[in-house]
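Two complexes come next, and they have one chain in common, chain A, joined by chain B in the first and chain C in the second.
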Partner chain A sequence: MNAVVAGITYRAVLGRRRVLLMVLLPLLLIALALVLRWVGSADEKAAVTLMQVYAIGTMLPLLGLIAGTGTIAPEIDDGTIIHLLSKPISRPVIAVTKFVVAASMLAVFAALPTFAAGYLLLRDEAGVAAGFGVGALAGGVAYAAVFLLLGVLTRHAVTVGIIYAVVWENLVGRFVPGARDLSIQQWAQTFADQISTSGFLKSSVAMGFAVPAILVVTIGSVLWAGHRLRSLSLTGEE
Partner chain B sequence: MNIELRQVSRWYGNVVAVNDVSMNVGPGVTGLLGPNGAGKSTLLHVMAGFLAPSTGTATLDGRPIWRNHDIYRSIGLVPEREGVYGFLTGRQFVLSSARLHRLPEPEDAAAKALALVEMEAAKDRRIETYSKGMRQRVKVAAALVHDPRVLLLDEPFNGMDPRQRLHLMDLVRELGAAGRTILFSSHILEEVERVAQHIEVLVAGRHAASGDFREIRRRMTDRPHLFRVRSSDDRRLAAALIADASSGAVSLAEGGLEVQALDFRRFTWLLPRVARDAGVSVWQVSPADEDLESVFSYLISGSSR
Partner chain C sequence: MSEPPPAPPAPAAAPTGVIHDIGYRHYQGRRLGRGHALAALTGHSLRGVFGLGRPARAKIMPFLLAGIMMLPAAVSIAMMAILKQRGIAYPAYAGIMQAVLAVFLAAQSPGLVAPDLRFRVLPLYLSRPNSTADYVIAKLAAMAAAILLLLAVPLTTMFVGELLVDLPGPPQTSHYLAALATSVLYALLLGSIGVAIASFTPRRGLGVAAVIAVYLLSSAISGVLVGVLESVGRHTAALWAWLINPFFLVDAVQNWLFDTPSASGDGYPPGIGGPVALLAALVLIILAVTALLFRYRKAAAS
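== the complex of A and B ==
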């Protein structure tokens, strides 16, 4: 961790217009929860569906994409990253710092609102709020790492990230059960299922797989990103 | 400190950007001169550790530059691209540089660096409100904040107004005189001539010339020059000019005469006199090949001889 790198990264990400999405998406989740309560359908089934489809299935990957790629890709694009890289700081330290920034933002903008929305709907009934809150946190950490890596690997990180989240996780994952094993969303749901006792929640990936999977993917992605940063090439604008 | 390039080539796919360049950059100011697209930025990026040579080696006092973040203790880099965070103030930007270098007194170092580039007045404004020249100076301050032994600048004088340019030129000269190793790239001969004691010329990715600027200047002036001359009587003027040894080929072209002057100084002295003696009025004399490309291509053909 490097405090200067973290400070600059926070300011860069929060200063961009995309940060509006990071605020609007969780606000929408809270609003949906309030509407459900207001119309009197704040039951366990509705809460679990909202969490699965919107909080974990839509909001989390989108925020992961914004926070994960946003901490590094724009800086590589416009060359400002040189300011950080031309210093006697090891590149893996820079990658770890950027990851921590992205993960912390997902904790605030994704995990916390997920818990809040669950709590608004059910209080602490069946551990749904806590379960999905922890699930969103675990998934958010993995998304932050994977999308950070994408931001270092390719200039089309956002496109590739959307294809992963939409096509692989939501489309292929729906019809091909095996694909769910390699889905961060599913791992997040496994965590939720572990904590929650709700009968409406059935995760399809075992905890014994999801935990090591999240660890391997997160640590591996951050290490790889650091390794790639060591040999980041900048071409002249000639 | 010495930067040494040994047989460095760099290609992108099939395109060769830098071809078999060997050079040694030592203390003092070295100008890396070449037309746009010659590979100057590529070479500078290799020296700064932001590009691996495809073949060959780049070292700083014998230590490899590529994948070695320790070299940045000794190197200050001023990239050509804007490379600045617009949301920071000038002071915050330079201070962040000092902190990233873990200097013991970052505030003092930042204040000193800002004073060096005369940016104290605007230091508390956000960089996005700066002019191009001011951004350039803040970048120089950030690169100098840790008092590096080596300073690499990519087209540093671009976008500066004349006064700022002179100020930065003086600063670079002083730093070089104090024994720092400084290399800057430029496509403008006059810039290099004013600041650098030593010049490396790069043309089309090849190391075309290396040496003292006077020597290179002489070779640039001594090349045959091509002039287009319009006058009241082109034929008569042509006949009078061809009689003198300083004009090489004289040809009648559409819209005037084309004269190749072998001896530049004698030709410029001769033309008005010959015209007067022949009773011809000269309307226009214009150089036909004064663009940098032809000057550089002459240098290349001259150095390969």
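== the complex of A and C ==
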């Protein structure tokens, strides 16, 4: 963890148009929660649907993509990463710093609004708000690490990331139950299910699998990203 | 490199400046003009969308996604040949494959506009006979043609397969033609929205994220609203909520114009639903094109 690198990364991610998208997504979640209250269907089932489809199913992977790749991919794209890599800072430390920045962004822009929207709809009922808040946090940490790694591995990180989130997690996961075991969204829902007592929420992955899976994926991705940074080659675009 | 022998010193002052003719030739062919420039830029952009004329790495993503688009057609032909029953319906093709189409749009539209903005080469284009409007039209036409290809090729393959297999009963020619006509609207709507969003950032990664975010947001909001409105018994409002998703918006137009079954499996608002959907699609296209024209008027000056 290096405070200067962290500060520069925060400025880079928050200072551009990127932040507009990162603010828009949670705002829409809160707006949807308000609409649901307004049409008078702020019950447990509606809240769980909103959380599953929007908060975990759409907002979390998108924010993970924007924050996770945004901390490092633009620098590699520009070639300005070379100024960072030529400093006497260990490359794994750079990777860990970027990961911490991305994960903290997801905590602020994904997990907190998820909890707030759940609280708006249900207050403390059945632990839905707290459950999905924790689920979004756990999923967000894993997404941040995986998309950070993608940003180091390939120039097409965002495209590969959306193919994972849209095609694998949403399309394949809907038809092939086995694919859900390898889905960060499902792990996040497992965490939510663990805390919440709601009968409308059924996770398809066991807690005994989700916890080690998130740990392995997160730590593994950050370590691999650090390792890749040690031998990063800057080649031309495409 | 043969040095000429040193000339004997001239007594008088010789002319010092000489223009050598080193053989540059001027272009003396016919000037093809603005229309041709537009066609060339469109063709070049369309090739670029599929990565043709670029390294192999740029071809992986578009051809992978185009291949995935062909899968249901192949499965459908196999079902018709072996099981003697129809697989996927023509009008539902785009609705079922919407995630793949959206990923293609998101992955490829920033590549169409972002590099030109990022490297500030627009003045170079505009030093030729084409205007900013021509540039915008060429980019839009290229993206729309790519989406149209992505839809029309599997549909046509499937139709040819159906004719060859010769199932009992007449072929579904009207459904095939309806789906083909609707693909044009899909292509125009998706292409203009995708290119318009992508043109607002010179960064490709952010452009990809922004385009897919708009699709995922509209489909998630539509999904949540439909689910919730159905559960509180507001069926008509739920039917309207389907239209938030651009794919179902176009499908509603198809449903109204050609009386095809709906891809959402739930129907669309009866009565004015179809005309409103068509109007909404046209307004979206006009808004996107206007935004693009304004964007490029500004970008051309920078």
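The rule is short, and it goes like this: the second predicted complex is superposed on the first by the 234 of 238 C-alpha atoms of A that agree within 3 Å, B and C clash if a C-alpha of one lies under 4 Å from a C-alpha of the other, contacts with A are read in each partner's own complex, and residues count from 1 in each chain.
Simple rule for what comes next: a residue touches a chain if its C-beta (ideal position, glycine included) is under 8 Å from a C-beta of that chain, and two chains touch if they have at least 3 such contacts.
Because the structure is a prediction, the values reported are computed rather than measured.
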(message) Applying the document's definition of touch, where does A:Ile8 land relative to chain B and chain C: first, second, both, or neither?
(response) first
(request) Applying the touch criterion given at the start, work out whether A:Ala73 contacts chain B, chain C, both or neither, answering first, second, both or neither. (result) second
(message) Looking at A:Leu65 after the superposition, I want to know if it touches chain B, chain C, both of them or none. Which is it: first, second, both, neither?
(response) second
(message) I'd like to know which partner A:Asn170 touches here: chain B for first, chain C for second, both or neither.
(response) second
(request) Between chain B and chain C, point out the one touching more chain A residues. (result) C
(message) Under the contact rule defined above, give the chain A residues that sit at the interface with chain B and also at the interface with chain C.
(response) 237-238
(message) Quick check on the complex: what are the chain C residues that touch chain A?
(response) 54-55, 57-58, 61, 68, 99-100, 102-103, 106-107, 115, 200-201, 203-206, 208-210, 212-213, 216-217, 219-221, 223-225, 227-229, 231-232, 234
(request) Using the touch definition up top, name the residues of chain B that touch chain A in the complex. (result) 12, 17, 36-42, 44-45, 48-52, 66-67, 69-70, 72-73, 75, 77, 79-85, 87-88, 93, 96-97, 99-102, 142, 154
(request) Would you mind writing out the residues of chain A in touch with chain C in their complex? (result) 16-18, 21, 25, 28, 32, 35-36, 39-41, 45-46, 49-50, 53-54, 57-59, 62, 65-66, 69-70, 73-74, 77, 156-159, 162-163, 166-167, 170-171, 237-238
(request) Can you check the complex and tell me which residues of chain A touch chain B? (result) 2-5, 7-8, 11-12, 15, 78-80, 82-91, 230-238
